[in-house]
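For reference, the structures are reproduced in the following blocks.
What follows is chain A paired twice: with chain B in the first complex and chain C in the second.
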Partner chain A sequence: MKILVNRVDEVTVVILDGELNVDDSIVMREAFLKILKEGAKEVMVDFEKVTFIGSAGLATLIEMMQLLRKAGGRLGCCNINNSIRGLFEITKIHKLITIYENRALALKSF
Partner chain B sequence: MRISETMPSQLELIDGFIFSLLTRISQSSFEQKVIFNIKLALHEALINAVKHGNRMEKDLSVRVHITKEDGLLTMQVTDQGKGFDFKNIPDPITPENLEKLNGRGIFLIQNAMDRVEFADQGRTIKMIKFL
Partner chain C sequence: MIDNIKSMEIIAQGFLQEQKYDEALKLFSEAAASYQDLGQHQQAAVCFALAAGCYESKAGTQSLYYYASTYYAKAAKEAEASGDFEYASMMYKHAGICYERDLEFVGFSECFYLSKECYRKSLVSNLFNRKRSDVFRSIILWISLSFSSLLWGHGERPLRTVGFGCFLVLFSAFLYTQGYFMAGGHMHRPNFLESIYFSVVTITHIGYGDIMPIGFDKGVAVLQEFAGIFIMPLFLTALCRKYLRF
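For the complex of A and B:
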């Protein structure tokens, strides 16, 4: 998995490229923890190039949402494909993490 | 088509194992959504077998048996652990469980497949997809 981190004003944008399978969920978690350690509070994850996510990836997103909430920040996701959006909806994770249609709309709302 | 494979109980081997199985199962005629769901079900069943079933004991293995015939894909994953109470699986979408980090695997499998059955005291999960 490739992970690119950008800063747009106060928002940290995390662009993921690959599959959130067993190994890459660990890689994503490490990247998130590093971002949090550096003080990020408003984090937007761009899923445009993510083709798969399993329970390990979903768990990492929930954990990050909890850590950001505790720090007074928030986590959002954007550009999610239909299969992954379906998983967010059946697991009701879309009630915990706000989903935006695209990055521009997400950044406008943050 | 019939596939029978065994893998050791190591989480780091799951992704490669799934890739190898999917290459043999998938056909170009499969919709992306179907491939996604087959992959998701295998992913979750193998994690459960390695992590919760065999408790990552390297001496224990996970057996996978897959058949595809008459428009039916059947995937069976068996571990060598102690089994579990598959009749009392907590619902991960109730308000008290929604933020828990674990407990979504079987729920995801049930949503991805058309039929899910357990056997051998929970050591075997049988996942069926109508193609």
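For the complex of A and C:
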């Protein structure tokens, strides 16, 4: 999995590329913690290039959402394909994390 | 074991996309159990939630909602173990919804209560890291939920109202002994038994009029009467809410 971090104004955009399984979620967690340490408050995760997400990835997202909230920030997700959206809905994560259709809409709303 | 879980999840998600819910939920349950063995509670919670979702998706008959609710409850317990009370609250809420669909009201009652309790705990864990306006809102919400929990267990524990009522009777009786009563034209300091009698007569709004509180006791009586206005209807509402479902 590749993780690319961009900064657009106040929003930190995390672009994920590849599969997000058990091992990759550890890498993603470390990347998120680094972003948090740097003081990021508004974080947007772009799922456009994510082909698979396992429960470890979903659990990491929940954990990051909570850490960000504790820091007074928020987490959003965008460009989620239908199968991943289905997983978000089944696990009810869509009620905790705001999902946007695309990055432009997400950045506008943040 | 991690590789095993990884492959289980990939296959399970494939089954989920093909709407083969039986196969998917079996694999998600196994993955959840493996995560439990590894002590990774948040991941186990998500896997249990996925298994519950499989049951819910395939539920055409009521009995399947029961299984969905048990898996949501398991997910909630795992989320609780990981310290994620917000997710636990949501999982208990969905467990409650599925129990209700299955007409299993004992489970619904328990899950509704636990959902509220987890939400209350989540307010505390995130309290000091919110925006200032949210902190004030959270404190008010936490106080009202704590009071609701203490007074009637969020509407699911009617015996708590009885307990609270008894406590109020005894506490007020103790306060009455510190003041004076007027009975038969004579003012006197009441003993504890007389105070309990007056306390019960006051909280139940019977008010025989044979004893009149004086001074400090008058204030206590007013407060007790005011509390009694709420305690009686709360007890009856909780009792009806809990037992008339069956």
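FYI, the second predicted complex is superposed on the first by the 110 of 110 C-alpha atoms of A that agree within 3 Å, B and C clash if a C-alpha of one lies under 4 Å from a C-alpha of the other, contacts with A are read in each partner's own complex, and residues count from 1 in each chain.
Operating definition for what follows: a contact is a pair of C-beta atoms (placed from the backbone, for glycine too) under 8 Å apart; a residue touches a chain by one contact, two chains touch by 3 or more.
Every value quoted in this text rests on a predicted model; they were computed, and no experiment measured them.
Taken together through their common chain A, the two structures put chain B and chain C in a clash. By the touch criterion stated above, A:D23 is placed in contact with chain B and with chain C alike. Applying the stated contact rule after C-alpha superposition, one finds that A:S55 touches each of chain B and chain C. In the superposition on chain A, A:I90 makes contact with both chain B and chain C. In the superposition on chain A, A:V8 makes contact with neither chain B nor chain C. After overlaying the two complexes on the shared chain, residue contacts for A:E63 are found with chain B and with chain C alike. Applying the stated contact rule after C-alpha superposition, one finds that A:L105 touches neither chain B nor chain C. Comparing the two interfaces of chain A, the one with chain B and the one with chain C have residues 21-23, 52, 54-56, 58-59, 62-63, 66, 83, 87, 90-92, 95-96 in common. Put simply, chain B touches chain A in their complex at residues 11-12, 14-15, 18, 32-33, 36-37, 39-40, 43-44, 47, 92-93, 98-99, 101-102, 104-105, 107-108, 111. Contacts from chain C toward chain A in the complex involve residues 2, 5-6, 9-10, 13, 16-17, 31-32, 35, 40, 42-43, 45-47, 49-50, 53-54, 57, 84, 86-87, 90-91, 94, 126, 129-131. Within the complex formed with chain B, the chain A residues making contact are 19, 21-24, 52, 54-56, 58-59, 62-63, 66, 82-83, 87, 90-92, 95-96.
Those residues of chain A that touch chain C in the shared complex are 21-23, 52, 54-56, 58-59, 62-63, 66, 69-72, 83, 86-87, 89-92, 95-96.
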